[in-house]
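Shared between the two complexes below is chain A, which pairs with chain B and chain C, respectively.
Up next is the complex of A and B:
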């Protein structure tokens, strides 16, 4: 891949014929999106050459910034007719390289789709264009006490379209679900340029669940041009408890017992020693520095319930021998408890020139084992790793510290990261909990899925985009031709009569 | 005569589907076959009955996860969850009584293939929202897996969710993994009496849009309320708001709601036992149940309609104009419509639905009707083509439940 000779990830061979037709393609794009909506100057395309996975960079063929569904439809129809690849992009905060451009592809930036179209308090929905930020939705309804529940830490920047593509989560998804549980409808443009609507202000689909397939499809199935989400009333009360433990085992056990007691907190986050120290040094909110693991447990809901449950959580934590136990008594205090956690990534960024943010999920009970094995791996790879962890749902974010200016360290960090993800799979977990496969975890897919599993997923892609023009080279380690995937290997009369009980 | 193939394990399912593909013989995919009357009427000579693939394979209450083979009876799963004070939070409805069958039948595979839900749908989701992983055999006669056993998972397309509700037309499930949740400690229901449908929709909208965690909002007009034993003695229309959780919280929320809704109508409360009975009646649409063994072609046609909650009463009024009985769940977003006779009057129902958007499913009708009237909401041409191509992907030979959802799919 140009721009990063060190990376081991191979992207699809650029189509030289398409690159040769660049001037003609740019002109065609200008005919569809007039004015400044088409960018082809190298220096102006630079801001688009990477996403949140900054180790990888690539300039696109051209950047196109449409502002209407009709333009998107015409762009895609043109690309479809002319065999041109398309990479959709929201805000470019994705951490798995999903919006990484390709040399022979149009980068379709959705930033101009930035309007809220409908706020419906009676039906409790908001309809927004895909370039509206995640926080923008909450802001638009906050005056009436409502909010949009999934809250990725990137929420001030990331777009709802990107959230739909990645099925993003946040600290509150333990109780309120991921993007997929909160999206009710979309308008989608297929690669053919055909526009379709899925869902709306009603629940379920009464037929195939196309919405379920689309959410989390990483821009491979269509371009989302409108999103309808459900909004919720902001909880009457929220209180958090800060609990420090002398060992991560005890913290893990505390999480298990809280859930075992039938309590589903609004959020339940864990940090390890390195992360606690980095966060405290950065935001100075009074995190205890003598603990191995810190839990933030937030209870939200009706006042009486929160006060009742906070007592129960405190009791469970005490029984397990916690060293620190503080319950928030004001909004300021609660915000302070969270400040360190929310700033954990930049905090780690201060103690290390570069870091890689991993995103595996494990069954919660495997936490002590995984933490111990990660320490071993850190020694093996000669790198440090700080851990922040959506403890309630087993989603790990190990932050691998490295220095890209030291030869070989990026590669070592990537190998360390891959080993962590393989460990997650080994203990019954998965490669990615919320950041997506993109290019980052693409080549690890075979550790979770065999060829038949992957073929069943890729045939779904064939139903939407048989020429594989949308975001190719992402998610799947190998591009297969749909004709080849579609072939049936069973032929008439060749199989014996089934040898199974019949009546 | 119908032939029944009864596989014992996944390898048998693969063999059966491969045989069917090689012989171009469509298969009716069934658990125990109790929900045969749902969906478009089809007639396959061979039934693939998955009830033999039975048994819970993993249950870890502290991890909130359960896996079971597709043919495992729901009753078995529910009993197991009950012992650990857990539940399937999506409250899967039981179609049995509506179809003139016993309650308490059905399998896990059927639950997912029909994407079942209940009154908690708006807050807790449907089966799709709790689907974590699957093993299945596609119409290509190949076994595959998707998803995993953890809640946070975006590794690859979300097939466990995407295949929910596919009525066995894309794959035959062999094993499923679902998320389970703690059962609420107790439940109470606040009742508002005497509201007409639009006033009820407004009250429900305010209640579910309040701080007070209402986990069920249903409205039953007078003639339907009279058929619900838990409401005996109340008379008139009843609007019900369910409160679940720990006692101090329920008391606090009930008092707040009572203040919020004061003046709307006379208030009453159902305690735990009454609440459980009432919400089961709502979940399973028991006011419209048939006697066991009743013939469907003589029964009153029944629609299940999902729409924007505030459109519920508009649709309800139109349906009542046609002589139907209705009641509402999901704060008005789910409308149960029992027609005055076996004629579903599909055109009129769908026309009344259109302005609010949504989908109307003909849940109960005779075989002839279900062969001629579109049972599911008709698809626009673009979606229709896409759905056909999805069928091509999973089942190019049209072997699995062909035509059960849409003609040619």
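Up next is the complex of A and C:
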């Protein structure tokens, strides 16, 4: 285990030879990226040691902030020639540690790629540099009544490049799909320094569908330097309804019945009491504070249809004993209803100095059961848990509250988290949702994929990056030299924690 | 976020406060996106989250500030956009103030930088000295270009360019301690005397006083009150800043004891943010803590005060196109967002809201003098956004923004209160040239 990562995640052994050549490597980087784009002072590298998953920290070899594709290409070609590892980083909001540095790797920050390159209303596309924020794309086209549909809660800050890498979802993905359903093309720099284009402004560009492989590849296949996304016309009407329930179970049941009735809301989200209180303290939009669970259901489409659907949702909700029901009456109010939900994770920072954000998916019908069991687990582990979820698609985000300054609390939180994930599996769910594997769920991969699956996934990685220089130590539990893959054995028995899934 | 302070470190109340702020940060990164320096530079070190981390590392290790850390702290505008964005309620302002004080006491700046700062701290907060300097600057202005060539002297060039080409004469309202309400007295307020504003644009105080007395408010300016201290506070010169704060608390306290005050009004929002923080700044001084907290509670921006009152019906034709520029100190520092726009709309103006309203114009106290490059880029971005709304006049609540934006566009920039005064019977604001049809 290298450096100062704080928990039991094993990272690839740093290459001492590379570390010994640090000065020479930094000089080479400076020759490519002039000015302030190369950071090697320890106190300036410190802020890059972690991302949205703060439980893990590691200083990089150096931070490099290029601003042109040409620079990225030269950096990668140099690293390829010299066997230096590279970890790409967008805005560093990732929750699975995908941008966690390595002691012997260049941390390649894409923050300076922050320009929109092309807006094409006829083809309904926007082409942006990867460091443009998700919200920045919508802002650029909002004046013409368009928007970019996938809206992670972190959309204010996360980058479109990071979204592509993580295949991020958001509250509106229930109806409009994840990143992968909305990205049309990318420009990619391979570890060799070659620049390639995949897809474009049109739906099917022929050839192998590499785009599907690339989206969600977590920086393991190449560095994205340009992204073309589809934009959508804003729906004629969109209204969000806040529904408060006296119990999480009732709210969960409501979700199931809405979907059961054939309604596909634009978004359907749920928060529990702790999350509601934290979010309301920030946005002050009037979330009900005397309820145990709050649903936000958004209905969009032609006005008459929206009106009708709101009535149906209201009827279902009242049959299930909802306490409050309020529909937004203006665009501002609708945005405000969502603002609280989108800020819910960090708003929890108001009540707890640290949290672990879990990410699992369960069959929707299991929601009431899982909620009840989770309350039990919270008592058992002596920690609080705030719940926020994309209720529509069964993607749970329990936030385990802990205080890293208190000895043992991180470990207790990790145990609690493992129990939650086990619970997800037990009810027939899966261990990831939308935050990616990174290092957080890396060691759980063998419980989701068998040997053959994993071997083939790694072969794909080898096709792009045979020396495993791009973001090694992420996603795949064990590093294998590509030549050995045919003989690879990844079995549960060999993993350090056979029964308790790590995250 | 987890912090690592020893008990001994936490015994220092400044460190204890900083630790509370740091712990509230969950490292989500939301704030990076709305930080003007991150938007321009794309480097996390020039973002709130990056600065928070740099400061955390410096304070935890009890390390003297290093040149790298100072660079990124100096680049912070203290615009507090990050505080508006932060869902977790991180009090960035108190953290950066502590960091600046730490820099001031542990770091030796290069000589020119030190001199420049000493000069600004010695001149700006004193109206008399500032007037003299402005007169000198008017003469030296043609030579600004000479200083551009020497990096260490660029702040001088920037300062000269910002100074008005013709110095203003002191207003007749200056030095007067009391302005009686017209008609029955409905309220009594103290108005901040200020330092730089009356020298740069005395019309603002004149308009404020006319408008307030017109609606039945008595305005007092107790002797002894003066500069709020924010300029030196933001340079980390704590002792100077606290001396200003104490003097103001004393002066206003006397006015409160004497005939009572309904509010302490501030028409320079940069000062307002600091005065509203006196309670915190003086919390460790038993003789002042409570009084300062009372003063902070009474402090209000002029727009906050006016929006709760009935203003006379407008007497000028409606429809003048006004771009409202929200000063950071008002929108982020004091969270006063709607009052100025509401007031302008009620007075018959057509209020335009430029895009990227949350981003700073680059003025930020002495920032446009000390960080001319970033400030000029921010100004260009701000002016472009404003001009895109095609306004006839720009209204804002802070003299710093007026000077900064005004130096980058031909469109006149005035204080919101000047427009309100004009609409309700005062003179047309100076510098406002309107085509016959619009006026």
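We adopt the following convention: the second predicted complex is superposed on the first by the 457 of 503 C-alpha atoms of A that agree within 3 Å, B and C clash if a C-alpha of one lies under 4 Å from a C-alpha of the other, contacts with A are read in each partner's own complex, and residues count from 1 in each chain.
The rule we apply is simple: contacts are C-beta pairs under 8 Å (C-beta built on N, C-alpha and C of every residue); 3 or more make two chains touch, one makes a residue touch a chain.
If you're wondering where the values come from, they're calculated on a predicted model, not measured in any experiment.
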item: Clash or fit, chain B versus chain C on superposed chain A; value: fit
item: Partner chain(s) touched by A:154 [first = chain B, second = chain C, both, neither]; value: second
item: Which of chain B and chain C A:67 touches, first, second, both or neither; value: second
item: Which of chain B and chain C A:46 touches, first, second, both or neither; value: second
item: Touched partner set for A:202, first chain B, second chain C, both or neither; value: first
item: First, second, both or neither for A:483, with chain B first and chain C second; value: neither
item: Which superposed partner A:346 touches (first chain B, second chain C, both, neither); value: second
item: Chain B or chain C, by number of chain A residues touched; value: B
item: Where chain B and chain C come nearest after superposition, their Cα distance in Å; value: 20
item: List of chain B residues in touch with chain A within their complex; value: 3-8, 12, 15-16, 18-19, 21-24, 52, 60-65, 85, 115, 117, 121-122, 125-126, 128-129, 138, 140-146, 148-159, 161-166, 170, 181-183, 185, 202, 205, 208-213, 245-246, 248-249, 251-253, 256, 306-310, 330, 333-334, 356-361, 376-377, 379-380, 382-383, 386-387, 389-390, 392-394, 396-397, 405-406
item: Touch list for chain C against partner chain A, complex; value: 1-3, 23-34, 38-39, 41-45, 49-50, 53-54, 57-58, 63, 66, 68-69, 72, 85-90
item: Chain A residues touching chain B - in the complex, by the definition given at the top; value: 120-125, 145-146, 166-167, 169, 173-174, 177-178, 180-181, 190, 194-198, 200-210, 212-213, 215-217, 230, 233-236, 256, 259-264, 301-305, 308-309, 361-365, 390, 393-395, 428-437, 441, 445, 448-450, 452-457, 459-464, 475, 486, 488-503
item: Residue ranges of chain A in contact with chain C within the complex; value: 36, 39, 41, 43-44, 46-48, 50-52, 54, 65, 67, 91-93, 109, 111-114, 131, 133, 135-136, 154, 156-158, 279, 281-282, 343-350, 353-355, 404-405
